[in-house]
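Look for chain A in each of the two complexes below; its partner is chain B in the first and chain C in the second.
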Partner chain A sequence: MLRTIASKEYRELLRDGRFRWAGGIVAGLLLVAGLAGFIAWREQAAQRDAAQATMQATWFNQPPKNPHSAAHYGLWAFKPQMPLAFVDRGVDPYAGTASWLEAHRMNEFRFRPAMDATAAQRFGEWTAAGVLQQLIPLLIILLGFSAFAGERERGTLRQLASLGVPTATLLRGKALGVTAALAVLCVPAAVIGAALVTMSSGASGLLRLGALSTVYLAYFGVILTVVLVVSAQARSARAALVTLLALWAANGLLVPRVAADVAQAAFPTPTAREFQAQVQRALATGIDGHSPRGARADALRDSVLRTNGVSSVDSLPFNYDGFAMQRGEEHANEVYAHYFAQLWDRFGQQDRAQLVGTVVAPVIAVRFLSMGIAGTDFGQHRAFAEQAEAYRQEFNRVMNHEIRDQARADESFSYQADSTLWRSIPAFTYEAPSLGHALATHTVSLMALGAWLVLAALLVRRERRIEVA
Partner chain B sequence: MTTVTPSPLLEARGLTKRYGDTLALDTLDLSVGAGEVYCLLGANGAGKSTTINCFLDFVRPDAGSAMIGGTVAAQDPIGTKRRLAYIPETVMLYSNLSALENLEYFATLATGGRPVRAELAQHLRTAGLTDTQLDQRVGGFSKGMRQKVGIAIALAKGADVLLLDEPTSGLDPKASNEFHRLLGLMRDRGAAVLMATHDLFRAKESGTRIGIMKAGRKVAELRADEIGHADLEQLYLTHMHD
Partner chain C sequence: MRELMAFEWRVLRRERTLWLVLAIFIGLGAYASASGARFTGERRAAIAELITEQCARLDSIAALMPQLDAGTDSVPSFLDPRMPAIAGRGAAAQYAILPPGPLTALSIGQADVQPFWAQVTTRTKQTFFVNDEIENPARLLAGRLDVAFVILVVFPLLVLALTFDVVAGERERGTLALVLAQPVEPRRVLGAKVGLRAILVAGMAIALIIGAAVATGLPLSDAQTVLRLIAWSGVVLLYGAFWFSVALLVNARRLSAAASAVALLGAWLLVIVVLPALAAAAISVTHPAPSRIALTTQLREATDAAAERRQDAVATFLLDHPGAASDSSARSDPFVQAVALQDAAERTMAPHYVAFDAALDAQRRAAERFRLLSPALVVQGALLDLSGSGEHRFRHYERQFDRYHETWRETFTARMLRQERLNAATLAALPAWMFVEEGWSTLGARLAPGLLILLALVLAIGVSGWRALDRAGRTA
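Right after this comes the complex of A and B.
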C-alpha cells in the first residue's frame, strides 16, 4: 500500500511541469555551486601548496643571519583545504586561512575573502551547502504543499479517505513519493560529489561525505514531514503554501539572523581595535595590569644574577639577551593565550547561544553540523590557530635558545646562524581533528536534529484524522 | 417458529449531529439490508449528505451511531471503510493519470492487494468506458465518464455497501440511465445501497425503499413499489411545504 501511494505520488510529480522546472533549476544550481566550489577549492589547494612550498624553500635558503632577525622574517602557516570545504566553506571566508608567524606577536589570520566581497555577498555565499540548506527545503515545499490540501481542494482526498487507508500510511506514502522525486535530483548530485571527493581526498573524504549526506537527509526528512503535516491541516493549498513559505523564511533567514544577533548581544566580543588595545596593554603592564615591562625586566635580570652568583650579565655562562628574549616571548605567549582564549571562548558561547534558535529553526543545527563535518567550523579554525601558535612559539624558542647558547655576550644581535638552524625547524603540519572529534563537539546540534526527527515521527503518528472537506 | 432477520449492512441508530446552532441530524434511524437500494430524498440541508458522511466517518456524530455490518464506523473507521464504496456527486480523480491508472491506484489501496490489470480493464468496460478511453488521462473526462470510473472502483473493490451522494446530479438522461443500470447490477450482486438524491423519478425506479428527510429528521419512509410516481411527488411536496 505504501509503495502504491509513493509510486503514484512520484509518477504524478514527474508528470508535473512545475516540478520539472523547479527541480531542474534547483538541481542545476546545486550542480553549478558544487562544481564551481570544487574548481575554486582545487585552485586554492594548489595555490596553498605552492605558497607553502615557496615559503618553506625561502625559509631554508635564508642566508646566514641573526636568529632573531630570522624570527622576525617569520613563517606562514597555511590552513589545508579540508575535503568537503568545497561543499561548505564555513567560517573560512571570514576567519581567514593563513597566519604569519613571527617573533613577539600572535597575528590575526589573513586572506579572508569576505573582506574583499562585493555587496551582493551580504546575501550569502552561493555554495552547495547554501543550496542544500535553503533551496532544497523550498523545493520540498513546492513539491509537498498541495499533497493533502490540493487533494482536498480537488476532491480526491474524499475518494482516498473513503477507501480505508490509514492516515499515517497515506502520509508516509506521500513522503516516500516526494522523496523519490527529490532523489531524482539529489542522487546524481551526490554521486558527482562522491566522485569529486574520491578524486581529491579518497576514503576519508567519502566518510565525511557519508556523514554530511546523513545530516542533510535527516534535515530534509524533518522539512518534508512539516510540509506534509501543514498540508494535511491547512484549509486550502494556498493557505498551506503561505504558511510553509513563512516557516521557510523563518527557518532559513529570520531565526538564524536573530539568533546570531541575540548571541552577539548576550556574549559581546571586542572590536579588532579594542582587542589589540587590550593585548598591548597587557603586554606592557602584565595581565594583572600591575607588572610594568621595565619592572619585570629588572626583576628578571636581578633574579638571574642572584641565581648564578654574578654581578653582571656579561659574566653569565650564556647569552643573557637570548635568555631574556625567550622569557619575554613566554610572557607575550601567556598574554596572547589569555586574550585569544577569552575571545575564542566568547565565540564558542555565541555558537552555543545561537543553538537555542534551533528549537524553531532546525537549519541552525544543520549549519553547525555541516561546517563541523566539512572541517570549516569555528572549532576547527581554532584548532588550526592553536597548532599554528604552538609552532610559532616553538620556532621562536629555537631561535632564542640559539642566541642564548651560541652567541657571546657582546654579539647578541650580530651573531649569525646558517641554514643548519633553519633546516632544524620542521615544516608546519596541521593535524585536523577527526570526524568523530568534530561530531563530538557538535553533540548539542546532533541532539537537536535528533529531537526534530523524533518530533517529526510523533507528528506522523499523531496525524490520525485528516479533514476531507 | 421464529424468523431470523439478518442484521442490516447499513444501520443508523439515533444519529444526531449539530453544527453550532443548526441541528443537521436529529435522532435518525434507518437500516439498509443486502440487495436493497435505500433512497434518501430531501431538500438541500435536509441532512442527506451528513448521514452519508457519518457512515464514512468524515463526520463524527454527537449522539447515536452509524454502523456498517454491525460495526460502528466511528470506532473502526478503517475496517468499516474496507467494506464500502463511495460515489460522490462528482467522482474526483487524478487528472494526470489515465482511467486505468486511477482505478489501479484506488483498487490497490482499497483491497490492499495487487489487482490484475486485465480485470480492472474489464471493470471499466462493464462500467461503460470504451477501450480507447481506458488509457486516456482523465483530465479531459466528462462527469458521466468520471462516475463510470467511480462505479468501476466499487466493482473492483467488491464492496457490499454503496454510499452514493447525488451521483446522477448534472448527468444527462442517457448517462443517468446508464448509471442506474449499473446500480441495479450492484444491487443484484447483493450490495446494500444508500443513495442521497433529489431525483424522485430515479428514486422510485431504482430504489427499494425511500426515506424523506427534512431538517435532519426522517419524516417519511415507504417502499418504492407501494407508491406511484405521482403520489411520491405529492408526498414529497407535502412534506417540503409543511
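Right after this comes the complex of A and C.
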C-alpha cells in the first residue's frame, strides 16, 4: 500500500507542470551556482598556490643580510582554498585571505573578497549551499503543501479514509513520493558534485561530500515533515501555502539575520581601534599590567648578568641583543595570543548564541554544519591563522637565536646570515583540521539538527488522526 | 469613486490579511531602522575617535617642535617629528575618512565590508586599506536586516499578499456577479479596488521611509539629505509600482486565487532570486575580481628588484625630483634612499595597479549591465547608490584618496630633499583631507538608464495589465 501511495504521489508530481517548472529552475540554479562556484574556485586556488610559492621563494632567496632584517622582511601567508569551498564558501568572502607574517607583531587578516565584489553579487550570488539551504526547502513546500490539504479540498481524503488507509501509512507514502520526486533533482546534482570534487581533491573530498549530503538530507527530511504536517492540519491548501511560506521566510530570510544581530548584542566585540589599543597597552606594560617595558628590560638584563656571573652584556657567552629580542618576541607572542584568542573565542560565543535561533530556523544549524564540513567555517579560518602565527613565531625564533648564538657582541645588527639560514625553516604548509575535528566543533549544531529530526519523527507519530473534511 | 473606495476599504479592513501585512511591515521596519541607526552610530563613534586621536597627536607634535628647536627637549633622531620623512611616514599622518553615506542608515549595503578610513602616509598605497572593522564573519555572511532589505525582499511579498485576488476572490466567492449587477460601471469598481490598494501600498512605503528616516535620526534639515530621501522614495515607489502592475497582469489571467498566488510567488522568485543569481554568476565568471594576492606578490618582487639596484633607484629618483639641497648628501640620506626604493618599486608596479583598477572598474561596469536583468537588482543598485553604501561611492573615495596621497607624498618629498624642517606653522598648513560627495549629475547619469528601463517596463506591464483586467472584470 505504501508503494502505491508513494508512486501515485510521485507520478502526480512529475506530471504537474508547476513542479516541472519549479524543479527545473532550482536544478538550473544549482547547476549554475555549482559550476560558477567551481570555475571561480579553480581560478582562485591556482592564483593562491602560485602566489604562495612565489612568496616562499622570495623568502628562501633573500640575499645575505642580518637575520633581524630578514624577520622584518617576513612573508605572507595566503589562505588555501578548501576542496569543498566551491559548494559552500562559508565565511571565506568575509574573513580575509592573507596575513603578513613579520617581526614583532601579529597582523590581522587582510583582503576580504567581499570588499572587491559588487553589491549585485552580494545580493544575487548563490552558492550551491545557498540553493540547498533556501531554495530546495521552497521546492519541497511547492511539492508538498497540497499533499493533504489539496486532497481534502477535492474530497479524496475522505475516500482514502473510507478505504481504511492508516494515517501513518498515508503520511509515509506521501513523504516517500515527494522524496522520490526530489531525488530526480538531487541525485544528479550529487553525482555532478561528486565528479567535480573528485576532479578537485579526490577521495578525501568525497568523504566530506558524503557528510555534507547526510546533513542536507536530514535537513530536507525535517522540512518535508513540517510541510506534510502543516498540510495535514491546514484548513485549506491556500492556508497551508501561506503558513509554509511564512515559515520559509522566517527560516531563510529573517531569523538568521536577527540571530546574528542578537548574538552581537549579547556578546559584543571590541571595535578595531579598541582592540588595537588593548594590544598596545598590553605590549607596553606587560601582560599583567604591572611591569612596564623599561623596568622589565632592565630586570631581564640584571637577571641574565647575575645568572652568568658577569658584569656587562659584552662578556656574556652569547649575543645579548639576540637573546633579549627573542624575550621581547615571546612577550609579544603571549599578548597577541591572549587578545586574539579572546576575540576569536568571542566570535565562537556569538556563533553559539546564533544557534539559539535554530529553535525556529533549522537553517542556522545547517549553515554552520555545512561550512564546517566544507572547511570554510570560522573555526578552520582560525586554525589557519594559528598555524600561520606559529610559523611566524618559529622563523622569528630561528632568526633571533641565530643572532644570539652566532653574532659577536658588537655585531648584533651587522652580522649577516645567508640562504642556508633562510632555507633551514621548512616552507609554510597548512594542515587543515580533519573532518572529525571540524565536526567536533559543531556538536551543538549537530545536536540541534538531531533534535529537529527527533521532533519531526514525533510529529509524524502523533499524526494519527487527520480531519478528512 | 470615493464612495466605492470607501466601501472597498470597509471590506478590506475586516480582512485579517491587511492587518497581518501591516503588522509584519511595521515590525520589520522598526527593527531595520534600529539596526541601521546602530550601524551608523558605531561608525560615527569610530570616526570621532580617529579625529580625536589625530588632533591630540598633531597638537602634541606642534607643542614638541619649539622645544626641540630650542633644545629644551630631545628625542632620538628616528622619532624627530621635524624631519619630513618621519612626519610624513606616520607622526603627522592624517586620516582619510569616508563618512557614512547620506542614507546609509537605511541601507548598509557594502558599507560593512568596505574600509572607511585609512591613515595617509608617504608609504605605498598597498599598506593603507587594512583597517577592516572587527566583525564576526558569520554575521557578515548572514547579512543585515536593514530598511533596504525590507523594501527589496519583503515589501513585494506584502504587495502581492494584498493584490493577488482582487478579481479572483470576488469571482470565487460568487460576489463578482452581484457587483456586476449593480448600476455602476465595472471599470469604476475595479478602479476603486485597484486604486485603494495602490494608495495603501504607496502609503505603506512612504510611511516606512519617513518613519525610518526619523527613527534613524537622518538630518532632515539638510537639503541634500532630503533630496536623496525623495529620490530614494521615488525609486521605492517605482519598485512598488512594478510589483503592483505584475499583480494586475496576473489577476487578469482569470486564474483561481490559489493559482494566481502561486504565479505571483513564481514571479517574486524569478525577480528576487533567479535573475539576480544569473546576473551574479555572469559577473563573477566574466569579470572575476582582480587578485589582491597577486598584487601583493608583485609588489614584493618589485621591491626586491629595486633594492638590488639601490644606486640606480636613488639616481633615477634624484633625476625625477630636482631641487635637492645637496645631491651628494641626498644620495647618502637613508630616508631619501628609502623613498627612492619605494618610488622605483611603485614605477614597476604602476602597470599592475592600472590593470588592477581597470579590472575592478570593468567589473563594476559589467555589474551595471547585468543589473538590468532584474528589476530587483536595478532597484537595489539605485537604493544603495543614493544611500552612498554601494561600490561607486567607495571608488569615488578611492580616487580622491589617490590624489590626496599623491599630494601628501609630493609635499614631503620636496621638503625632505630641500632638507627643510617642519615647524608648528608648516604642520598646520599641511594638505588636509576633505571628502567631497559625488555630484547629482554623475549619480543621475549612472542611475538613469536602469530606472528609465524599469519605468518603461512598469508602464508597459501596468497598462496592458489594467486593460486585460478591465476586460476580465466584466465577466462573472
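We adopt the following convention: the second predicted complex is superposed on the first by the 462 of 469 C-alpha atoms of A that agree within 3 Å, B and C clash if a C-alpha of one lies under 4 Å from a C-alpha of the other, contacts with A are read in each partner's own complex, and residues count from 1 in each chain.
What we mean here is this: a residue touches a chain if its C-beta (ideal position, glycine included) is under 8 Å from a C-beta of that chain, and two chains touch if they have at least 3 such contacts.
In this text, all values refer to a predicted model and were calculated from it rather than measured experimentally.
Once chain A is used to superpose the two complexes, chain B occupies space next to chain C without a clash.
Contacts of A:8 after superposition: chain B is touched, whereas chain C is not reached.
In the superposed model, A:187 lies in contact with neither chain B nor chain C. More residues of chain A lie in contact with C than with the other chain of the pair chain B and chain C. Of the two partner chains placed around the shared chain by superposition, chain C is the only one that A:378 touches, whereas chain B remains out of contact.
Touch criterion met: A:260 reaches chain C, while chain B stays clear of it. In the superposition on chain A, A:16 contacts chain B only, with no contact to chain C. Here's the short version: in the overlay, chain B gets within 16 Å of chain C at its closest Cα pair. With the contact threshold set out at the top, not one residue of chain A is in contact with chain B in one structure and with chain C in the other. Across the complex, chain C meets chain A through its residues 28, 31, 35, 42, 45-46, 49-50, 109-110, 113-115, 130-145, 149, 152-154, 157, 257-258, 261-262, 265-266, 269, 273-281, 283-285, 288-294, 296-297, 300-301, 304, 308, 360, 363-364, 367, 370-371, 374, 376-377, 380-381, 384, 390-391.
Listed in rising order, the residues of chain A touching chain B in the complex are 1, 4-5, 8, 11-12, 15-16, 154-156, 158-166, 468-469. Of all residues in chain B, only 56, 58, 77-82, 84-86, 88, 90-94, 96-97, 101, 105-106, 108-110, 112, 153, 157, 163 touch chain A in the complex they form. Of all residues in chain A, only 18, 21-22, 25, 29, 32-33, 36, 39-40, 43-44, 47-48, 50-51, 54-55, 58, 63, 76, 78, 90-91, 93-98, 107-108, 110-126, 135, 138, 142, 237-238, 241, 245, 249, 253-254, 256-261, 263-264, 269-273, 275, 343, 346-347, 350-351, 354, 368, 378, 381 touch chain C in the complex they form.
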